[in-house]
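In the two assemblies presented below, chain A is common to both, partnered first by chain B and then by chain C.
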Partner chain A sequence: MKYPCLVPVAAVVAGVAMFALAAGPVLGQSAPPKSKASPAAKTWTQPKTPWGDPDLQGTWTSDDCIGTPMNRPANFGDRLYYTEQELADRQDRLKTQLQTDLVETVASGQRVGTGPPAHWAERARRPCRQTSLVIDPPNGKTPDLTAEAKTRRIPEGAGNNNPKADSWEDFSYYIRCISRGVPGSIFPVIYGNGQQIVQAPGFVTIMQEMVHEARVIPLDGRPHASPNIRSYMGDPRGRWEGNTLVVETTNFLGNRNGLVGNGGGTPFSDAMKFTERFTRLGPDEIAYKITIDDPKTYASPFTVGFPLTQEPGYQNFEYACHEGNYAMFDSLSGARAQEKRAAEAAAKKK
Partner chain B sequence: MHYPGRARILLFAAFAVLFVVTPSNGQTKARPTSQVPRMPDGKPNFTGLWQAMGTANWDIRDHSSQPGPFFQLGAIGAMPAGQGIVEGGEIPYTPAASAQQKENFKNRMKLDPEVKCYMPGIPRANYMPFPFQITQSQRDIAFAYEFATSNRVVNMGKFKAGPVDTWMGTSNGHWEGDTLVVDVTGLNGNSWFDRSGNFQTDTTHIVERFTLSDADHINYEATIEDKEIYTRPWKISTVLYRRKEKNVQLNEFKCVEYVEELIYGDLKKK
Partner chain C sequence: MRKALAVVVPAFVLLLASTPARAHHAFAAEFDADKPIKFKGTVTKMEWINPHAWIHIDVKGEDGKVTPWMIEAAAPNSLLRRGWTKESLPKGTEILVEGYQAKDGANRGNGSIITFTDGKKLFVGSSAGDPGAAPGTTAK
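After this line comes the complex of A and B, so read on.
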């Protein structure tokens, strides 16, 4: 990620990006059936650490699927992958976008919004092959919410220029710089998608750029921590199935983060169990899948998947979010100033 | 002490035996280095959960016990006495910096980054009263600290300068024998060493040395230099202990929620 402490801005951009998506074609990218490095893939073999585990180390990003919708647009039916022609179109749009990003100034007379300039966002390096992030069920749609889940309060996410700002508690856990949660920390958004994997004998640790999470995953088969110990990021346990790292995570606080961009949307419950699979397909690509099983929130389990890639020069930056959360200060003090002005105006009328 | 002749000979013999029995150690180290866990390439393996003991997070200098700033907290909020971790006892502040530290201490409830759940920086993260996990690969070494989910990755490859100053700094490491040496630059200068207002700046340079004395103890040293506020480089040293409880693990301490009332409380709708 490039720009620390611009959470609300990020949110605005995310909102804009979503509109763009709905309105037209997206920059997609792709989780191809074939590896990013297909030519090398023929000769590639999974490297091992000196102690014999599959080596997944490096800094990875889900950037290539930025803009791919969670739920598949109806016109694609059960089709998960774009056709070659559709991909070529997306490649063209990607090029156009990169040209737009080079524009650093706003043309005279153009209305300046509250969002950042286009070049602030990370972009897909290649078009995402997928029509949706949901890969199972086959229709690419998130299962229905339970009746109770529909009643859960959704805090103010990003993209609202006139949020309710009575208290910090009106805002999302991301805007409060607490956490985006497990899926929110890896699902592709406009920036901050970095995942640095460091392995040791007995552990895999995933350092996530946002919000400086470190998921320490023990591989020794120990049981989950007591259900009385609950957290935003849950309690992960890992194991190897062949060359695939399988991570099961439980013990969530619940009613905090959701699955929509930046950990927003309907919050999932304390019954959530994530099962993630990391399978390295080549030197620069991991196939990532996460099965979402939360009977209190969703009618059935479902699976989201997308590629993680290594890109030249890409690295995690320190996302010191809370330390510089001027947006929270400004949102609250702005709302209080507006109230004061309204009260003064009302007093004058009398 | 006076030893009769015969006893003196026995004593000499006993020392000789010690030397012969532990020839590889050379000196009189009590523990053979074979107890140190090692990576396949022979380097010491620091992987595990570690925590400092002692009271350095209250004050890295020698200190008596004191009342806390809030009487409501009673004994819980009071500061325990402790032996400092500063070699020689004193931090060689310039006169201006010494005055600044005293001012910091007076206003510590407003200024200490720990109060506000800010990332603790280096070296403080290592001796806060919270554990941290080291994940050591054949290349880089990750440190995940429980307090405020702060962390850093020590780059063991070619030296890389940090792209921008940060709370946790930029860590470049190398091996000197069995000692992991970590060079820390790119600190943003907002971190304190403790709750007593001892401070650093954005020109502070820290060199840390981690040495396993046996399987469960790390001798931790850090040399601190900064011409802006110290008259000479100075050094801290303490011990990090391996957490040994069954299935002990790093837990989550996301303290932002616990400080929002403190930071934004006066901006809440009445």
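After this line comes the complex of A and C, so read on.
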């Protein structure tokens, strides 16, 4: 039940090509470049909630690192940050892209394709300063997969234009409008990167626009739930280390979402433990880091990080994903139509 | 009106390599590269639904017969961030659509290029460049 080969790797190429821009000030590295999102950072003091916790509240987005590759391209070696010249070049490209968005007429020679049009994408506001989303190990690359993980089935994701489409169960949990998992719900993708943080005494809640997750994180030191209780988004526990919110999440179902965009790629196991750190660097920037420790899936723990910023006018909107998920229907019915045509063609040959 | 005229045979590799990846679904799984569409239609409604909005149009054939079509648009939240509202595409508006038909032969298509009849694009604007796009908020 294969589709004709329509460039299965195009998504990967496209992600890099279209958004070779991106990013913003980085977080938590030894010498992060100065933040453009938080120009007042020098005089800024971490605000506190009325009950005394560091105040992280607001609606944040990971837009600035849209298109930044997970794994660092080899030519950058151990270098996490772009040079000032490289950043200036990326700023120019970003500016050109934003100007192109505002052109009122269709460019001559614009190609018509089956891919998503450029106007679907949301945009970074400033170039991402990082060369990769992986910030540790120093080479910016995810560790090797374990032998067992390499055998795990990877659900058909949005990056595959040639999917196995025998059943809805062949598709990723994102395409099925179920969940993108913890990393997938905050890692930057082409749209829907909003993260609304709301705090109350003893709790932090993170509302994530796509696919409308709400992570309710207790801060009172209670133990994790029994290992028998497992879920897609896991069981988070938070604490403050200075002004940094540290969230440890365990109790995952396993074999659901992975590291690649929108929770795709090799699924994490039920042994997964995430340790996230949210450090507010200024009025409009949080340094976000997540350490991924899944010994059944990766040879060693590693850390991904990028900035979350607040932007004028930016807010979360509802993402009731399943209400119009025609794509699932079309993909399955398209596969059946294709099989029928192939069978008819084969019968004619006989 | 033309109803499924082959217009351009696209160079898929180049095309896909230049478009954003990882929208909510695999496009080539849904739309048929062998079924290009190009026609004019009259908007009957726009569905602001997730994960993607759909524009409903009536397409009038040369024999006068009217056929309803659905054309896929961006995620409603992305449209909102580009400054779109429910009033942006009134019923009765004539638009030109170019793209590909659903693989199962249904009258659904991707809107690779959608313009008004004067050639202006429907979707102009940038999510990053219009701080006032989101309702109920004020720019800093």
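Here, the second predicted complex is superposed on the first by the 296 of 350 C-alpha atoms of A that agree within 3 Å, B and C clash if a C-alpha of one lies under 4 Å from a C-alpha of the other, contacts with A are read in each partner's own complex, and residues count from 1 in each chain.
The rule is short, and it goes like this: a residue touches a chain if its C-beta (ideal position, glycine included) is under 8 Å from a C-beta of that chain, and two chains touch if they have at least 3 such contacts.
Just so it is clear, the structure is predicted and the values come from calculations on it, not from any experiment.
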Query: So, A:Asn161: does it touch chain B (first), chain C (second), both, or neither?
result: second
Message: I want to verify the contact counts: of chain B and chain C, which reaches more residues of chain A?
response: C
Message: With both complexes overlaid on chain A, does A:Pro138 touch chain B (first), chain C (second), both or neither?
response: neither
Message: Contacts for A:Trp51 in the overlay, against chain B (first) and chain C (second): which applies, first, second, both or neither?
response: first
- prompt: Touching A:Ala214, do we find chain B (first), chain C (second), both, or neither?
  reply: first
Message: Looking at A:His119, would you say it contacts chain B, chain C, both, or neither? Reply first, second, both or neither.
response: second
Message: If we overlay the two complexes on their shared chain A, which of chain B and chain C does A:Ala320 touch? Say first, second, both or neither.
response: both
Message: Let me test your reading of the model: by the given contact rule, A:Phe203 touches which partner, first (chain B), second (chain C), both or neither?
response: first
Message: For A:Glu311, using the defined touch cut-off, is the partner it touches chain B, chain C, both, or neither? Pick first, second, both or neither.
response: second
Message: Looking at A:Gly77, would you say it contacts chain B, chain C, both, or neither? Reply first, second, both or neither.
response: neither
Message: Identify the residues of chain A that lie in both the chain B contact region and the chain C contact region.
response: 177, 317-318, 320, 322-323, 328, 333, 335-336
Query: Across the complex, what residues on chain A touch chain B?
result: 49-51, 57, 166-169, 176-179, 196, 198-205, 207, 211-214, 216, 218, 222-223, 225, 229, 231-233, 316-318, 320, 322-323, 328-329, 332-333, 335-336, 339
- prompt: Where on chain A is chain C touching in the complex?
  reply: 3-4, 6-7, 10-15, 17-19, 63, 98, 101-106, 110-125, 156-163, 165, 174-175, 177, 189-192, 209, 261-262, 264, 311-315, 317-328, 330-331, 333-338
Message: Show me the residue ranges of chain C that touch chain A in the complex, using the header's touch definition.
response: 7-8, 10-33, 36, 38, 47, 49-54, 70, 72, 74-78, 80-82, 98-100, 102-106, 108, 110-113, 115, 119-121, 123-134, 136-140
- request: Could you pull out which chain B residues touch chain A in their complex?
  value: 39-41, 45, 47, 113, 117-119, 133-142, 144, 148-151, 153, 163-164, 166-168, 190, 247, 249-252, 254, 256-257, 260, 264, 267-269
